[in-house]
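Two complexes are shown next, each including chain A; its partner changes from chain B in the first to chain C in the second.
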Partner chain A sequence: MKISKTIYLFFLPGLLLYSIFFLYPTVSALFYSFTDWDGLSDAYQFVGVGNYERALTGDSVFRKTVGNNLKFMLMVVVFQTLTALVFAMIVLKNTKANLFLRALYFFPTILSSVSVAFIWAFIYDPSLGILNQILELLGLDFLQQNWLGNSDIAIYSLAVTQIWFHAGQMLIIFVAGLQAIPEDLYEVAKIEGASKWQTFRKVTWPLLAPSATIVIAYTTIQSFKAFDLVFAMTGGGPNNSTEIIATYIFDVAFRSYNFGYASAISVLFMIIIAFITFLQFKALRSDRISY
Partner chain B sequence: MINKKISITSLLIMPLLALAGCAGESPDSSSESESGSEDRTQISFIHWRGEDKEVFDDIIAQFEKEYPEIGVEMNIYPSEQYQATGQRMLTDGSTGDVFTSFPGAQFEAIANAGFFEDLSGEDFVGNFDESLISVGEKDGQQLALPYQLVFNMPVYNKGMFDELGLEVPKSWTEFQEMADTLLENDITPIAFPGADIGPNQFMNSMMMNNAPDEEVFQKLQNGEESLTNEWWVKTLEDFQLLEQKGYIQPDALGTSQDSAMAMVANEEAAMLATGSYHMASLLDLNPDLELDLMAPITVEESEAEYEGINTATFMLAINSNSEKKEEAKEFIRFLSRPEIASQYANETGQHLTVNDVEYESEVLQNTAYWIDERKTRFQPRFLITNAQVEAAVLSSIENVLGGADPMEAAEEAQQIVEENLE
Partner chain C sequence: MLFRKFSLAVYALLILIPLLMVALTSVKTLQETFRDPLGLPEDGFQWSNYSAIFQEQTMAGYFMNSTIVTLFSVVLTLFFASMIAFGISRLKNWMGNILFGLFTLGMMVPAQVNMVPLYSLMLDLNLTNSLLGLILVNIAVTLPIAVFILTGFMKTLPRELFEASTIDGAGNWQMYTKVAIPLSLPSLSATAIFLFVMHWNDLLYPLLFITDNAYKTLPLALLEFQGEYSTNYPMLFTGVIIASAPMVIAYVFLQRFFVAGMTAGALKG
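Let's turn to the complex of A and B:
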């Protein structure tokens, strides 16, 4: 069958947008990562791998941001995935009540991140915030904390907000994945006398692996890029305890006017995310399900 | 054939439509309505003071009435966004014929990129108080003209002090005695918004007499000074004392600006560790307050060199890439007229750097003596031109308020400073 050459034109819009919004910025970032460009001047000098050397060996704040990001990512990936999965199993059947609950759980996702940041900053406020007030009402004063002002726990407080914000979105993916599992398999498992845990472990989880892979990979990327939430709630403080790579790139580029160095960190950032996502794909082995 | 042409055309148009749809978020903008007039020159004015939109709209209307051949399109960006992207908008000269700059790192970056038109020798420079505009100078050129004058030092409840028989302390010993008296009366001496602007505002008055050398941060960035030296370690120890003795509220690092203001407005706290720019807002919250300014003197009276902190900011400038420089100068000339500056000052509740401004509001009149009669120094934080160094300095304060030893916090911060030495 002869394909008209016109068909190739249909690639153009996508290719053009991809080139403008992804390819060009990525190649530019890579190029500028080898320079000392300040982001404003026409002039810049090539510094070789100096920016990369600085990030990896001579920048204690960058190392701290990587550590913060890993803590944040681990907490969000584990608890957001579990929360979404548990709630997905609860609201799996298409009853009216469950449809309402799914919409309710999904609701935070449609809010703007800055609004979420303001709401949660208020919740966490040590004197006016409702979290400490509720704890006091319940007689749990000993649990009251300076949620965003204590550098030991601030990153975890942010992670809770991130989980609240995005768990509903992941719940929808899990619901779709769970509903796609054939009922027959559950019937067979029941006839074979499998316990609930065995059914989950041997039937549900393996068949849910493709959805779980998407959820975990997406959650990982999302938690690395939680710029707006962190920026609006803590600005990276106190004492850099909530500074993550994305907010640090912003500081270096737009406050220190060091675009060359910020570009190098961005490239390293991309490599870190790609590496972690690759490990997750390998670990979940979503392509090896055989039934 | 026609269908084929239509499909090809639509394919070419689609990306353009998509790009149009992706156009950036519009800032808050005001534009005169007669831009259709061909002999009218339209200039762009960009800044970050959203709260001043109304008064600027009025001033621009007056300007356009007097100069019908010039139109002014004002675009206002949130300050964080302006700090991040303001200078990038200046690159091709189409935006920001008149623009504003923060002192410090942004001023340095714009100056280094060559976007400031030299205003030295312009007649309107004489409308400004010479002693307050040096922050807009570089290499002997007047690159920008600071318009606003703020005092970045605690606002205090003068009425409460009078009631308790307290006087403004003149030494660190007297300051602690004053704070103890307030505590005895169940009043928190200082409301400190540690979650946002507290550290970067309060550090100025806390260090002003510990390091009277105005070049201390320049030396720090050159490697000639260290945060582990006495001037900064003592400043951190003073912060530690405030925290340990309860002179600032518990959980101060989690307290936002709004919460701290509420504490002062409700008279739970006696001082707000921010600056003069919050006086109008405090009076909105509680009109019965009688307010003034007071900086902690952290040394003995005989050693004190400064009484407070000033910042000349909102620096008016002309884009060197602009093709409408003469019209832009006309607009700055108009803004620097005493009657226009007085309108701006009174309607925004700000002191200005313009000469002969008449302050009408009580709070501006009551604090105007800080301009001429008190010895203030320019905000030290704005003399840190490297933002990473500034972040390290501020982090050390947060570290101490979080429980760290002052010397250890200073050492940690100094390590970051050394990593960022030019």
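Let's turn to the complex of A and C:
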């Protein structure tokens, strides 16, 4: 069947905006990454791979930032995925109570990062905070902390907040994945006398692998994009201990006015994300089975 | 079994207690909060924080800005993305595939990657401190995910429907408005909710492009309250409640759609 050429007009408005406000800046990030542009003046010079060299060999803050981001990512991916999976299995059946609980667990996802940041700043507050008060009530005073002020633990405090924020969303994805597994497979496993763990390992997990891939990949990307939350909660401090790559780019560009260098870090950021996504898909693919 | 129930209750409390705490603190005075951060308000609910925040801040203006930016961003993203999705699902050739690839590529690139050149572009185009500027960038940034979700859906629509309308002499535009759009409503509504939550809550772009109070949206205004009120949590939480109210009310009534929309976004993102 012949399609009228007017179909190309359908792409026009979207493609125009996408090219101007997305593709062009993305490509020029690559261009600016080879310059020493400060973002304000008209003049800049090409510095070759100087910015990349600086990021990879000379900048200890950048290295720390990548480390922070990986810590944050690992903690969120592991604990958020486990929380979501375990609770998805408990609230799996569509009973009234379970539907209510799912809606409740999902709730934080609709809040803005700034709101979540304020809520948790209050929870973590060293003197007013609910967390230290509960620890005192339980007689666990020795565990009391300045949760966001202590540079050894602040990044983990942020990770807990991120999990509170988004675990419910992942839980819902797991529920959808689990509900798609045919009942009779569990029946067969039962008749065969499989233990609970065996049933999980041989039936649930392989069939859940596609949802797990999605959850893990999405959580990973989300943990790299946690700019809003980190920016509003700690601004990267204390002592850069919660600086993640995204907030560092912001600092280098808009506080130190080093656009060229910030662009180079942006490009490295993109490479890191592409690499991690690739690894995950490869690792999780191998675990897929179909019955 | 008991352990399961116990875990469910603990998780539920972990969500509920912070939310209750926000609501209660917003109706307490600062003194009360410092004296007893977790207690109930002793002298009844104090609504003074709410009147104070409206007096001290241009809350109505922030609210209006957020509403304008969100509405236009959502509607225009849906409009442009559905046209593209329609185009891709009609063009079953290499052009369609390339265009689809070009748009979905955008989902892989985090917004922070291009914020530096985007900022200077906006300066050059005189689009900083402008709601229009925010809307244009919002559309460009969420177009990839919207195209991805909608194309996936439109490709499943039966070909025969489109072919039948061609025989009736319908052009591409009629086919889009009379066949593709009505049939894609479930997918459009899910995408709409995903975009709503995203645009309403966005901090990055207002932070980059807006410095004038007259154009600030709620998340940015809220963030700046922190500088002004420091640890005055009653005021901060009053701001949180006002900024979240539309989303929360919508969630209570449209819960099913929210869950579908937010997971569609995740599944496809």
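Note that the second predicted complex is superposed on the first by the 277 of 291 C-alpha atoms of A that agree within 3 Å, B and C clash if a C-alpha of one lies under 4 Å from a C-alpha of the other, contacts with A are read in each partner's own complex, and residues count from 1 in each chain.
What we mean here is this: contacts are C-beta pairs under 8 Å (C-beta built on N, C-alpha and C of every residue); 3 or more make two chains touch, one makes a residue touch a chain.
Every value quoted in this text rests on a predicted model; they were computed, and no experiment measured them.
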item	value
Touching partner for A:Ile173 - first (chain B), second (chain C), both, neither	second
First (chain B), second (chain C), both or neither touched by A:Pro13	both
Most chain A residues touched (candidates chain B, chain C)	C
First, second, both or neither for A:Gln133, with chain B first and chain C second	second
Which superposed partner A:Phe259 touches (first chain B, second chain C, both, neither)	second
First (chain B), second (chain C), both or neither touched by A:Val47	neither
First, second, both or neither for A:Asp125, with chain B first and chain C second	both
First, second, both or neither for A:Asn146, with chain B first and chain C second	first
Touched partner set for A:Val77, first chain B, second chain C, both or neither	neither
Contacts of A:Ala159 with chain B and chain C, given as first, second, both or neither	neither
Set of chain A residues, in rising order, touched by both chain B and chain C	6, 9-10, 13, 17, 20, 39, 125, 128, 250, 254
Residues on chain A engaged by chain C in the complex (per definition of touch)	1, 3-4, 6-11, 13-15, 17-18, 20-26, 28-29, 32, 39, 83, 86-87, 90-91, 101-115, 118-120, 122-123, 125, 128-130, 133, 164, 168-170, 172-173, 176, 214-215, 218, 221, 224-225, 227-228, 231-232, 245-246, 249-250, 253-254, 259, 262-263, 266-267, 269-270, 273-274, 277
Of chain C, residues touching chain A in the complex	4, 7-8, 11-12, 14-19, 21-22, 25, 33-34, 37-38, 80-81, 83-84, 86-87, 90-91, 99, 102-103, 106, 108-121, 136-137, 139-141, 143-144, 147, 163, 166, 171-173, 176, 197, 200-204, 207-208, 218-219, 222-223, 226, 231, 233, 236-237, 239-240, 243-244, 247-248, 251, 255, 258-259, 262-263, 266-267, 269
In the complex, chain B residues that touch chain A	4, 7-8, 11-12, 14-15, 18-19, 83-85, 87-88, 91, 105, 109-110, 112-115, 194-196, 249-256, 259, 262-263, 386-388, 391, 394-396, 398-399, 401-402, 404, 415-416, 419
Interface residues, chain A side, partner chain B - complex	6, 9-10, 12-13, 16-17, 20, 38-41, 54, 58-61, 121, 124-128, 146-151, 234-235, 237-240, 250-252, 254-257
